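In the two complexes below, subunit A is the common chain; its partner is subunit B in one and subunit C in the other.
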Partner chain A sequence: MGEAPFLEIERVEVAYGATRVLDDISLQLAEGEFLALLGASGCGKTTLLRAIAGFVPVRRGRILVAGRDLAGVPPERRGVAMVFQSYALWPHMTVAQNIAYGLKLRGVGREERRRRVERLLAMLGLEGLGGRRPGELSGGQRQRVALGRALAVDPRVLLLDEPLSNLDARIRQTVRHEIKELQQRLGITAVHVTHDREEAMVMADRIAILDAGRIVQLGTPREIYEQPNSPFVAAFMGAENELRLRVRGEGARLWVEPGPSWEAQLLPADSRDGGVRGRPPAVGTARALFRSETARVLADGEELPGALVMRGEVRQAAYLGGRWRYGVDVAGARLLIDDPRRFEAGDRVRVAVPAPALFLFAEDGAA
Partner chain B sequence: MSAWPAEPAHGAARRVEAAPGLRLAALGERLLPLVLVAPALATVLLFFVYPLSYSIYDAVFEDGRWTWANFEKALALYGPDILLTLATVLLSLALIAVLAVAIGGYLTLGEHPGAVALLRWLYRWPLFIPFIVTAQMMRTFLAKNGMLNHALIGLGLYTPLEAPSLLDWRGVVVAFVWKQTPFVTLLVAGAMASLDRGYVEAARNLGAGRLRILVEILVPLVRQTLFVGLVLSFVIMLSVLSVPMMIVAGQPTLITVDMAFRITAYGDYGVANALGTISYLMTGVVAWLYLRYAVARAGRS
Partner chain C sequence: MSARAALAWLPRALLLGLLAFFIFGPLFNMLLWAFAERWYFPHRLPLEFGFDFWARVFAPRSQALQSLATSVWIASLTVLLCTALALPAGYALARLSLPLRSLIMLLFLLPQAFPNLPVYINIARMFYTVGLNGTVLGVVLVHTVHGLVYAVWITTAAFAAVDRELEEAARNMGASRLRTFWTVSLPLAAPGILASAIFVFLESLDEFTGTYFVGVPDVTTLPLLMFTASMGGNYQIASITALILLVPSLLFMLVIERFLRADVLAKVGT
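Let's look at the complex of A and B:
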């Protein structure tokens, strides 16, 4: 990170009664950095956001903004602004009143409030909508009003709790770029909660993957995508096809023992030199994961050196636009494989996964 | 073109053929809702519309002639009581509104779970106590030698000779507020609890304190429920006889007592009905205000 941390989370633990929701969470964000908290429902990502906002008491650990410990500081005095999943726009106020509310609380005069609201409305593409009530706006407009309300108070930290989850897919694509651009322009430190992998990758400088209340990996989107450190992260980042392989390391190569649907084969083991990724065991059973789009069906007689090749039978086919996605049964597992060519259910095919697309982890978790 | 004139005739013939059966079925379909609603309608007509119409008729007709005499007499004898009734009920309503919002607000925004649970358990008790028992309790509590004065004298705030009796309109206000606050609070607290928690958190997040959230966020969002609770309480308080009868000693008193007195002492149904009509008018104005508000809201949404 290089710079002094602006938002620091030190060994934070949060519990609801006897249930520990966050366990030993530590994070550091530089000023102006955009961090995405990514994880499945119930992993604790929203709880972490709410702990930063002050809505959830922290049982252990510290949260600091610009070196100031927020322990005991009520939500209204933390200087962090939150955009809620439901937007939580007050329906009895107009758009302008919603946006100006934080300014009013800070004693900003009526004329200055009006000026700043106008500027925000223009920045968010909401000109002329200041007099409307939230119920008269579209989902995308409401989302922008919620963002405007949070930005109006010039927060030191912006917290975004799945702000795009209520938008339809087409609008979401646009808005995620708009938010990122705005955050960069204003230089605000932002923490964004999402369960959408692509959204996290598009918007964040770094991603923290959470599982069962712990951060299981923290890194840039590329690091997380290309070098997942566990089967969970690999699967969460799209490598959802999984097989068990018996492997044995032999220097820079990895020997794959014959299985029910594949022959014995040799794969390059050095990930920096086109080899398999992950943490394969020296000897033993490995969990092998790969993404549908990185595998393909081999033509008759075609060979692909340095790839894991398996035999399987096509069971399902779905057209994704430009390519097909096949459900292929391999050794009792249903793998999803993409290929531009057309195959029919019942076709016997050979599936190849290039070594760099294969994430291998020791089954028992040991390296 | 030649086929066109024949069509209506053919259709008409078919309609005539099917008519008796269809007509019977249609009649049955039309009558069924009336049959179903008849018991309820009869109850309303017999026990509400008829007595109401009769009492208004009795107030304005005497010996078969239209007259304002009963109203003139009612206003001459009980004008101050009518004003006192209105003032007592309106003051009670204002206090009920403040207390219901305060209790509902604490139940929604309170941060001490123990205190919130205790308040939630306590505030509903008066709901289950009848007005007459409330009135009896208030007599014991508010009389010159009642529990309140004992406590205040014990605290040294005044001597026994200085102790005032609150058994007048002030006692009625206390009784009404004590009895009706839980009812309005129940509605208001329920409405507050059903709001998106995000409304409160968003305000806190931007820097609003709890009092400000209550006044600027919660109350505007539940104002319709609060208004309904107050309208219902207004009607209830206006019709309560036992509280003013047991608490207020002598004059001035509330018009329910005057109505009872006209009937029991003089058998004077004309003036009693005129007083009744005046109380209908008061509730009618409130109902009109409520409807106007509800229609305006429906128009906005």
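Let's look at the complex of A and C:
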């Protein structure tokens, strides 16, 4: 990514009336990069996409494509193509007419149009469907027609607004990879909006996590997954078990003070060397988050050095295939813990979370 | 069925019969008159049936055919003028935010709230001073004022039923606002606009009061002819012209049934 950014978003602010929807958003994408905007509904991710497409006025800040400021440029002259969540295919046109629409506007001749539409239909596995109306297609086929329409105009930037959310779970899995592969093959710069963490990780080179109109973290899928910078990101990336611990830093180690369900214990504190992650406070209460699949139940008498160990009671069990997910009550909180062995409700167990799987953050965001 | 049950049905049957009489009685009477050659007082039914009056109505250069032609010509011009005005107005209204839209639509309806006789008399006075009285253009203008309310309401509903994302997709693909309107919004709203055109056409064809004040004596439409005929006791001619006027209405109902989507109709007035 050493080259000049291709799509630049500079301190963009968008507001509807008095409601600020996007606040000080800055992003830079290299040419050919795939960025996912990940966030819960209402966080402003679709608004950002619509601002890039020119459907939403930007109150402050700049959006640039290949160095050109898009302020005042109407949607039709931005050279960005969008795949809508609803697909927005024109019901009164055939599939071929839908795809050829942008080409026709660009003055591409009839014969050339036909050839390019054929090529796109073949590329998207829609051979022979050119004469159909969108209403006669399945959801997956419509999604591909919408993608084909966007790709037909050779866009400089491809915008994807939750294009997979209306598909069956199984089709979604394959389409993810298809879109990613297509985007890489064509070398298009793409911004993809989604609320699906796995989808973002599979498809994107980088992920921007949005919360209440702000980017809270930006990084590669691995960075975001392994080094979330806030409890919000950690929870959003699947670390949904949460506890409060009183901790005290001591060089490369971290004392956990005794709590209602755990003894005083010592954890490694250097995250580069198998220690806890996140930003624990020097002294004070920390929010501790971890993923269910990283914890496990200890056998009787078993010790796991360098792990947080707690006592709890099994309350419910669900079989996930190959392992069980247990609801374990620890210090009044319900934690979800995965383990391959079978336990019954009412069993008293010890639960261990290895230090590298533990994300610690000072309470109230104070460092 | 027991006698008691049959008795219980009697009031309902009577009520239905009475209702049918009120609805179909006059229509039936008209139908009789259309084919009656001779029919006078103490007789309940015509003394003689035949097609003499039909022949007279459809005779070449007959007054009836001429006024039919005038009626159709005026209705066609009214449709053109109404649609030309309702297309931009309806599109703009459909894209307005809701409270404002309702307000403007209500304003459009306001002239209809006044008794239309004084309105037409005043229009006639105004037209008289500018020389529009007794001209086809004058009648077309009066019909347009009347038809525009329906045209704007129906057209607005038709455009409002077009998903805005479909227009955004066109803009996104490189179409200007105008191009988007012609290639996406208009074709998708076409069934509703067609309905509005047909509705305006029929309204103009049936319109009497305005035509009477503005058109008489130089412009004679079919309803005016019908009025003169029945005033002159010529019920046969009046009934036959009424039947002719019925044909387009029936056709319209068929078209509405076949082509108009329920979601367009549901948006009328919202």
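Just so we're on the same page, the second predicted complex is superposed on the first by the 367 of 367 C-alpha atoms of A that agree within 3 Å, B and C clash if a C-alpha of one lies under 4 Å from a C-alpha of the other, contacts with A are read in each partner's own complex, and residues count from 1 in each chain.
What we mean here is this: a residue touches a chain if its C-beta (ideal position, glycine included) is under 8 Å from a C-beta of that chain, and two chains touch if they have at least 3 such contacts.
Since the structure is predicted, the reported quantities are computational estimates derived from the model, not experimental observations.
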item	value
Three-chain arrangement built on subunit A, subunit B and subunit C clash or fit	clash
Partner chain(s) touched by A:91 [first = subunit B, second = subunit C, both, neither]	both
First (subunit B), second (subunit C), both or neither touched by A:53	both
Touching partner for A:135 - first (subunit B), second (subunit C), both, neither	first
Partner chain in contact with A:251 - subunit B first, subunit C second, else both or neither	neither
Partner chain(s) touched by A:106 [first = subunit B, second = subunit C, both, neither]	both
Where subunit A meets both subunit C and subunit B, residue numbers	53, 55, 74-77, 80-82, 84, 86, 88-92, 101-102, 105-106, 149, 153
Residues on subunit C engaged by subunit A in the complex (per definition of touch)	163, 165-166, 168-176, 179, 183-184, 187-188
Residues of subunit A that touch subunit B when the two form their complex	53, 55, 74-77, 80-82, 84-92, 101-102, 105-106, 135, 149-150, 153
Contact set on subunit B toward subunit A in their complex	196, 198-199, 201-209, 212, 217, 220-221, 301
Residues of subunit A that touch subunit C when the two form their complex	53-55, 74-77, 80-82, 84, 86, 88-92, 101-102, 105-106, 149, 153
